[in-house]
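Structure provided below as structure tokens; questions to follow.
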Amino acid sequence: MKATRAVQQILANYEGEPPGVKAQLCRMLMTGKLGGTGKMIILPVDQGFEHGPARSFAPNPEAYDPHYHYKLAIDAGLNAYAAPLGMLEAGADTFAGQIPTILKVNSANSLMPDDQSKNQAITASVDDALRIGASAIGFTIYPGSSSGLEMFEEIKEMRREAQAKGVATVIWSYPRGESLDKDGETAIDIAAYAAQIAALLGAHVIKIKLSTDYLSLPEAKKVYESEGIDVSSQAARVRHCVQSAFNGRRIMVFSGGSKKGSDAVYDDARAIRDGGGNGSIIGRNSFQRSRADAMEMLGKLMDIYRGKA
Amino acid sequence: MKATRAVQQILANYEGEPPGVKAQLCRMLMTGKLGGTGKMIILPVDQGFEHGPARSFAPNPEAYDPHYHYKLAIDAGLNAYAAPLGMLEAGADTFAGQIPTILKVNSANSLMPDDQSKNQAITASVDDALRIGASAIGFTIYPGSSSGLEMFEEIKEMRREAQAKGVATVIWSYPRGESLDKDGETAIDIAAYAAQIAALLGAHVIKIKLSTDYLSLPEAKKVYESEGIDVSSQAARVRHCVQSAFNGRRIMVFSGGSKKGSDAVYDDARAIRDGGGNGSIIGRNSFQRSRADAMEMLGKLMDIYRGKA
Amino acid sequence: MKATRAVQQILANYEGEPPGVKAQLCRMLMTGKLGGTGKMIILPVDQGFEHGPARSFAPNPEAYDPHYHYKLAIDAGLNAYAAPLGMLEAGADTFAGQIPTILKVNSANSLMPDDQSKNQAITASVDDALRIGASAIGFTIYPGSSSGLEMFEEIKEMRREAQAKGVATVIWSYPRGESLDKDGETAIDIAAYAAQIAALLGAHVIKIKLSTDYLSLPEAKKVYESEGIDVSSQAARVRHCVQSAFNGRRIMVFSGGSKKGSDAVYDDARAIRDGGGNGSIIGRNSFQRSRADAMEMLGKLMDIYRGKA
Amino acid sequence: MKATRAVQQILANYEGEPPGVKAQLCRMLMTGKLGGTGKMIILPVDQGFEHGPARSFAPNPEAYDPHYHYKLAIDAGLNAYAAPLGMLEAGADTFAGQIPTILKVNSANSLMPDDQSKNQAITASVDDALRIGASAIGFTIYPGSSSGLEMFEEIKEMRREAQAKGVATVIWSYPRGESLDKDGETAIDIAAYAAQIAALLGAHVIKIKLSTDYLSLPEAKKVYESEGIDVSSQAARVRHCVQSAFNGRRIMVFSGGSKKGSDAVYDDARAIRDGGGNGSIIGRNSFQRSRADAMEMLGKLMDIYRGKA
Amino acid sequence: MKATRAVQQILANYEGEPPGVKAQLCRMLMTGKLGGTGKMIILPVDQGFEHGPARSFAPNPEAYDPHYHYKLAIDAGLNAYAAPLGMLEAGADTFAGQIPTILKVNSANSLMPDDQSKNQAITASVDDALRIGASAIGFTIYPGSSSGLEMFEEIKEMRREAQAKGVATVIWSYPRGESLDKDGETAIDIAAYAAQIAALLGAHVIKIKLSTDYLSLPEAKKVYESEGIDVSSQAARVRHCVQSAFNGRRIMVFSGGSKKGSDAVYDDARAIRDGGGNGSIIGRNSFQRSRADAMEMLGKLMDIYRGKA
């Protein structure tokens, strides 16, 4: 399938990358109902690890079954499906080649002692990605944690291996840790910094959270105010984050967070679209709804990204 | 020996696995008096490491001898025998090919300082498993320990190697550590979470403990109550744990714990059976009884799993 | 292009090095408007990592784009451009062969908890440098930090690999850490010590900060006073640092620090030149100005190093 | 030399081992005046590392010379000589093939800070053992130390390598550390536990200390009392330890401890013999005596093990 | 050049070593004005790393230049020159083959936080030694430090590699750390222990400090007194240290410490000679004097070792 001009323009920004990696990015960008638009919706299902099975799947018990998510992502026409190793393996053969997958290679959990440094365990390898035919690895970093430097070194090494083997790298850049208060985790200056770090680490796709207009770091606050950086609206903040990732040269998607009303989800998507973001990575807001509701919502979101809603 | 339909259905769930791993699972499922039923009873003997020799074997001194356990497992018609390296090696040649073995590759002990992070030492390798002809490696994780992430990374690596070499992986998922009180270790929400983590880490066989109806994590408790998850009986809790491991796509066995009356052991087995679990892993309740008593009990348990008691 | 006598004299000091490394040093010394003079100006852009994107680039928003810095370095006729992996990759193909690049292989950030040992994460490898055609790796050490020994061991290993693969090594030697107060970080005795350590670690190019006449270590202070070492002027301090790096046998460049008035920048350069330093590594003072202003300043600096201003 | 029936019976217990390892065990069992009896006396000289040279050798200054110990072991007709790398190397050529040697591959020392976790440094490798023609590696573990798990992992790895290369493994299992008081280090329940752990880790020869009738672990004490395990005499305690190491399937030798009267040494040996132990590992009690006295004592000990005294 | 009988006798003690290592020892022993006598003087220049450049070289500024030390060692007719990697590389080509060099592969510095465990960074490798044609690696251990075990493991590994590649190993055994007070660092019992540890670790050449008659360890003090070990004179203490290193089977040189009057330096050398030591390793006392004074002093020292002064 010939890549559209929009996709070719995006790929041109990955000038340093081997063809194998570009092919994976192309595949994700050309798949599903948003295929060819340069926009993406990704289904991530790592909440079972992060929050446990009941909190994740009891609201929609079909979702206990790994096949459910493959089917949802395929039937809704999403661009990719991301999950930890066991989850992907459990459907890797049945759905082989039907949807690009992102192997989430590290994971945290809610059983860790509170006073432990914020960190994740590496639970899969690049070779696992190859074996199950995944298009990309997904890795979470926690800028702000005392484990931050170590996590950067881990993804540096995995990204190098992935790149050499023609696998793309998606970085979940989630500020968290001792040096940040709760407001800081979603402050716009921190979010933009998180995007920058992911880009500098060589992420091909950057996933960050939507942010607030709070400014957390005193030294940064001064500059935001003196330079008059617009952080007044969600769209403006998205734009600033996109700018902070090599001036838009990197694909950036935003996560939706915990389950909320559908209008709020749509508003988020419009802000992402208007700010120049590439799309949404939307987990609990899809799989914790019934399949019918999720299909409807995902369809609507795709309309928004196509500028039709 | 042709695999039964029940076994074939189970194996079909391991769709991402190489034939070598499936062959090992098939071998364990087709061995012994429960062979072909999809149910399993496994004899584990790692108490010598965990509690010391006298506490483990003095009640039935024949059990000091490694050969005793091989014979017990074979003569009782169990599916597999699990033990640390030295223990398996001491009978590996005499009993070669007569019973599938599971090499327990990490172990804790009762001499560790109390204030140390809950952890185990890796005491054997995948190549050791190959050398002594073991069907699987067995690895304990402690979700809830400050060493938890490290243990996940260890089994991730060993599981990858085992898989590539045609050896199956059994995970003992035992919540333990700083973030859990004693009730939490056997709480149903924690047990289900432990099952989920083992599945996500790629366990082929998951071993957890039977649980209580206590709900430990406040965030989880809310969901259990709002969604009305049935945790009122042991069978219901088994069912919830099985559901939490990919909706039944993974073999799950339950451990019996310390020695107790035989009726209690039988009740446990009926709950496991009725809840859809695959079987029991039963150590002290077999080898701390006399051989005759153990044979009788194991026979009765197999009757239960075959629905005859 | 035939190396000038000045450059050949410098290269002769690297007598233990393989031709591949000398070729890279020669390339950097022969590039740009200072090419052949033995003097160098390098553009470093790692502030996005160190301070975040807004603090680094908002004063001159074109600088959010990685291509901007390549162009600035090329058009201004600098000797080399240094940046982290993601930043260099984003223009590595477009500007391939047009300017020597230095891959900054470790980075710190402003989100790290304050009480953490001063350290950086390794974020790129020697093979990354080869892949993107970089002439050198750049590595920061923090003498004085409790992580200092570890950082020395890291660069020892990377330097060995780089040398074997024909890649030069630039060491940013920045005293920092528990044993130094703020004045100590720029004290002349510490700066000279930092230069000596970098040289002993095998740096081909040493980057240190300009220093003050403060003497920090009591044992050193005694010697400076008894031996009458001249540290009264910036030029004298530069001279002492150059002497401290194998009596001038190693290329030494000085960093400019935070943005300041252009006259101060010029004065620094004159002191470096008069003290026998090889040049400036000048980041914020160039890319935080408008392109026109930066071009003018860089031109003036090159005049100074050529002895014309 | 044809192995005696006694030796063949011992070797038959090592059923999982490659011929190379069995050959080394056979060689040690067939050497010296006890050759063929299934009993062993080993000369260990690691006190120079543990206690320093003067405390070890000043009482008999000839013992400063590494050749002294080789000669003593050969002339007395012992089964093997064990020492750290430097010590063995210093006579490895002169005495090549004249006595089986055990390369002690880890060592502690008396200069370590008191508050440091009880541990040893690995000071030699399996390849060193091959190079100098040693029959076995010797490794000390400290069950009860916070470094215990780490030490188990170290010997697990070295034992695996040694086994693959035809080198036997001797484990010194010495309970020590934060969780044990001084009485606990020699308590019979702890000693039996130490023997069990060494056996589970795959030791071919287990070295433990003689124990007292103290019971240290409350949970174990209950079992010893309820099951009526006989720990009243040294011979009974030896018997229990032998039982705890796979019911006698592993060679077990006992260390003599600090220098004491010869009658006490003989009494110990009789208890070891009567309890079914395989012999003594006797250092300070031999090399801190004059050569003549040591020869006499060792001769007497061998008479005891042969049942002649 | 045929080795003298004195040198052949020394080499015969290295019976376990490959010819490549013996050849390096022979080369060092046969070089310079003491060549063939079995005595050695080595020039070590690692003070730039340990104390910084000004404290090391300002008293004799020519010494800032790495070539100065090569020339001094060659012109004075010393046996070998020891320095860190950068220092040796800076003259490795010019002086190739003119003097045996010892690559100091680990280094400490005076900028480390005081409360940090006493340790050094590994700053060069065995392959670096091969590349620059060094005869030996030099490694410092700190018995008594909480990092001691780790340092022993490091040199164990490097020594093994060096030995296999025909490079000799020199160990600087310097007691230091939490368990030692200032007097303890130079106590005779500690010095002898340090010599013993270096020998056991496989050092080919042992470098220790001259000691005092203080006895630091209570357990050792008892033995020194009861056995009447003579520690009353420097020569007696040297003799005891030589005895403690395999009864004289290892080359032992003594360091001179900080700069002092020349008569004190000569007295030290006489004590070393009379006690049976092999020589001096003399840094600050040579390069902190003018070249003329240093040449005179070194000449006089060689006369002393030849028994002519």
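Quick notes
For reference, chains read A, B, C, D and E in written order, and residue numbers begin at 1 within each chain.
Here is the rule we use: a residue touches a chain if its C-beta (ideal position, glycine included) is under 8 Å from a C-beta of that chain, and two chains touch if they have at least 3 such contacts.
Because the structure is predicted, anything quoted here is derived from the model rather than measured.
Chains touching both chain A and chain D: B. Remark: rotation between chain C and chain D after Cα superposition is 145° (nearest 5).
Remark: chain B and chain D have CA centroids separated by 36 Å (rounded to whole angstrom). Across the assembly, chain C contributes no residue that touches 2 or more other chains. If you draw each protein chain as a dot and join the dots that touch, you get one closed loop, with every dot joined to exactly two others. Contact ring, oriented from chain B toward chain D: the chain order is B, D, E, C, A.
Residues 13, 15-17, 143-146, 148-150, 152-153, 156-157, 160, 175, 177-180, 189-190, 192-193, 195-197, 199-203, 217, 219-220, 223-224, 227, 229, 240, 243-244, 246-247, 249 of chain D are the ones touching chain B in the complex. The residues of chain C lying in touch with chain A in their complex are 48-49, 51-55, 58-59, 61, 64-66, 84-94, 107-116, 119-125, 127-128, 132.
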